[in-house]
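After this come two complexes, each holding chain A, first together with chain B and then together with chain C.
Moving on, here comes the complex of A and B:
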């Protein structure tokens, strides 16, 4: 019987190791690829080369990467700050100030989560034309600021917050805005961190909407650059790999920086 | 000066907090939803607009390209989503077991793909799965295949590649939700089951699955919605691989979202027709979500 569990254990570990290798391999490959020439990457070379500087030079001399990275950060950070602020406020309003009308609005909001972006694309495009926001970063940012998912996410977490604390603060004479900013906000760090990761990833990743809105080269973002580079007729794989690494790095840093809170945040929203 | 009641005062604050979002969502969500429903009754060519009633919807049933895009996406949905969710569930159950060593390391490794940008990982997969790419080279050197598989050059294999890519990217993401859910199930239930003689498989079907039901429904609906609006992956896997206007070999990677994009921004724009397609997708999402709720026997 002991032998039996040992074999079972072995199978489980082999399975986990294979899954981990499959998951991590593309990361290894792109980092190795960043240091190799295009021809070596095609040949399937899996060891580090010495073309790192050459790849960087090719990338930075042919494309305005510095500017593109700044564009991506500018758009993403604005969306993160803005959407965290307005979504958490909305969730706070829905949860701590119950009213029949707002409850109905919330129910309708949840239902709209099922509507795919494609259904909004055409009217949003026309709206941006009307606002004269085509080819501007605000055109990308504005529609992404209000997020039904984030409102839902924050509200789930607020449900766990003891209402007595708010009552006590009111008795002590704190204003409503102050209760939110200096009592509730600081105690929900992990929720905000998880929401920040989610928001940063969706905005840094976003492709379809920036593809529609941003037309001139100087407004472009990293995802658009990656896509353009790879669809050319004679792609330089070393340069592509370098760009892919640059496009992935910020997300990895953000994720690992806030990972601890991320899982706590998800836990908070799953527990009901 | 009239003094407002306390209830009124609290209610105003409720509006203050939610108002910014409500205005934003009204403008960028509700208005587009209603406007595109209105627009779907027109046939638009550039600036010329002609009322056609349900004409666009009738035209859809005769549009072979649209039907093909729908078929493509349903094939991917039916095959990829169950594979991914079952895999994620198995991994979560294994990695929730306290006896497993290096749990944190395995979790991080398997979650890592979820941290990549959709476009970036797709581009990586396109390179790996090119005919003379890494995957074929590896398979050839291991003598698993005799000649290279035309991953992105053949309609069947192109879909397989897309399914691989999607599974790689999203399995760990779904696993995290299951792990979070599993932590809410107390360890004692399993211990009690163990004493009663229930083995791991019985425990899985009698305890884990029923307890995780709400999260399983949540992940399957989110995955269904995600798959039905697939855009970044197919368009970047197909880009540059097959010349001409087809999306993947024989339009095998054409999805409704890509088709909508093409109608609006690639061909002579017909916004009304595109809006009609998007409404068909909305209806499909709603039906599928409803079925998933019913199957799970959720009565809330």
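Moving on, here comes the complex of A and C:
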């Protein structure tokens, strides 16, 4: 019996080790690639090279990477703050304001998640032209602020929230905004953290919509830079790998910074 | 003394009149009245973008009041943006000039009538390679300015070939059958594969088709797959290449490039734009040479073909359309020195024929063992047969490639495979 579990454990560990190698490999390759020349990367070299400085030089002398990173941060952070605020308030409303038609509206809202973005793109583009928001960061940010998924995510969390506390606060005469900001918000930190990671990742990685709205090179974001670099008859893979590492770093930092809350937050909304 | 002074004064006046007259006549006056900003969308920073930068700098000397904004995007991004903006029907948000890949030209011209400026009267199209002009012509009107050529060459490792006992002359004007035979000998004598080959990539198929002046579509743009003898021969050749064992199987672009950078294969058959990737492996300098592409074993096939290439188009509703046309005219249809520079610096083979007598085109290249490679490419370019790329080259390509596994395994005969591919294609595009 004991032997059996040992063998089982061994198999499990071997499987896990293989899987972790498989999942870590792209990161490893990316970092190794950053230090190698394009021609070596194509040949499949998997050891560290000495082209790191050259790659950085090529990247920074040909593109305004600093400004592009700032653009990406500006867009992503605005979207994170805005969409967390809007979605959590909307979810709060859906959960704590009883009304006859709220479930119907909520269902319609959820149904809109089924519409692919590509179908909305042309009308949305016309809208942005009408608002004169073409080639501006607000043109990217505004359509991405409302997120049905985040409303759903927050509402699931609010379902666990004891309604009595809110009732009590109302009886004590607190305004709805005060209840939300000083009672609900502080006690839902983990949910906000999880939502922030999700929102940051989607906005940092968003590609299609910024591509359509942003026209000039000054407004570009990291994803557009990566895509620009990867095309061409003779792409420089060393530079691409360097850019990809730079583009991935903020996400990794955000994730590890908020990881502790992330698990709690996900559990909070799934536990139901 | 007085006389001397008066002569001096008179001649000064005359000289200044001549100078002023020179400045205010001709191009400069005209140019001085033109102001504006030309926006250009293109892809590939090291190629198209760099070349457009060079072109714009040259134009700024003719017309200093014009500004340029050259947006660098991925090719798929340019297409996505162009499609969205054109489909939305708004007149803002479009550039003055856009780069379009030749295979997609007809699709854009037919899908968005009126979107692109008719340039027929602005350019002398006899000065450009004819196969390029025909692919941007719709109903007798020409809508683009031909840019780079994808003229195909057979790049080979002269060291491997001579080791196997072949001389440069043995490679001239041969058929694909002979190519495969030679490949077997190379494999036997040097242990190297003849080519790196992705069995599911349609590039070589397109090279073969165009060499015989046929395509997946007929001259009127109607689908021509099931009963296309050239396509049939191309499929047979694909199978022969796979069966003969002369090809190192690769998957995707990177593995393919690695196959020749590594020295694992003896040759590469593809567009002239590959030179940059070949030259990237500096240790192989002097070991390469170039020969004409093999032809199909079918009547009408020539030892010249094309793969890829793109051209410039002017948007009809753009704000500074006329300046944009003038810009393209002054540089791309006039400036011979410009074409020399982009050839040397970027390896860009233009399709403007008068430029091809220039210095750069006739220089010998030490990487290719001192061969004057561009003289050859220019000659082959003139022989490339014109075809109609139709609206759905890539869709047809993928329909064919979808049946290839069954052709390789022998499950489907070539005829049956073509029939199946045509059906699948028609289902896909709804024809």
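Things to note:
Keep this in mind: the second predicted complex is superposed on the first by the 267 of 272 C-alpha atoms of A that agree within 3 Å, B and C clash if a C-alpha of one lies under 4 Å from a C-alpha of the other, contacts with A are read in each partner's own complex, and residues count from 1 in each chain.
Following the convention adopted for this analysis, contacts are C-beta pairs under 8 Å (C-beta built on N, C-alpha and C of every residue); 3 or more make two chains touch, one makes a residue touch a chain.
Keep in mind that this is a model prediction, so the values were computed, not measured.
Following the overlay on chain A, a clash is recorded for the pair chain B and chain C. In the superposition on chain A, A:232 makes contact with both chain B and chain C. Looking at the superposed arrangement, the partner reaching more residues of chain A, out of chain B and chain C, is B.
In the overlay built on the shared chain, the residue A:42 is in contact with chain B and with chain C. After overlaying the two complexes on the shared chain, residue contacts for A:26 are found with chain B alone; chain C is out of touch. In the superposed model, A:57 makes contact with neither chain B nor chain C. Look at A:180: by the touch rule set out above, it reaches chain B but stays clear of chain C.
Legend: residue contacts after superposition of the two complexes on their common chain; A:215 is shown touching chain C, with no touch to chain B. In the overlay built on the shared chain, the residue A:125 is in contact with chain B and with chain C. Note on the chain A alignment: of 41-49, 59-67, 77-85 or 113-121, the part of chain C that runs into chain B is 77-85.
The residues of chain A shared by its contacts with chain B and with chain C are 42, 44, 121-123, 125-126, 208, 212, 227, 229-233, 237. Listing the residues of chain A that touch chain B in their complex gives 12, 15-16, 19-20, 22-24, 26-27, 29-30, 41-42, 44, 86-87, 89-90, 92-94, 96-99, 102, 105, 109, 112-127, 142-143, 145-146, 148, 151, 176, 180, 201, 204-205, 207-208, 212, 222-223, 226-227, 229-233, 235, 237, 240, 243-244, 247-248, 251-252, 255, 263, 266-267, 270-271. Residue ranges of chain C in contact with chain A, taken from their complex: 39, 43-47, 69, 71-77, 80-81, 84-85, 87-90, 92-93, 254, 257-258, 261-262, 273-274, 276-277, 280-281. Within the complex formed with chain C, the chain A residues making contact are 38-39, 42-44, 62, 121-123, 125-126, 129, 134-135, 208, 211-212, 215-217, 224, 227-234, 236-237. The touching residues of chain B, when paired with chain A in their complex, are 10-11, 13-22, 24-25, 27-33, 35-36, 39, 91, 94-95, 100, 105-106, 109-113, 115-121, 123-128, 132-134, 137-138, 168, 172, 176-177, 179-181, 183-184, 215, 221, 225, 228-229, 231-232, 236, 239-240, 256-257, 260-261, 264-265, 271, 274-275, 277-279, 281-282, 285-286, 289.
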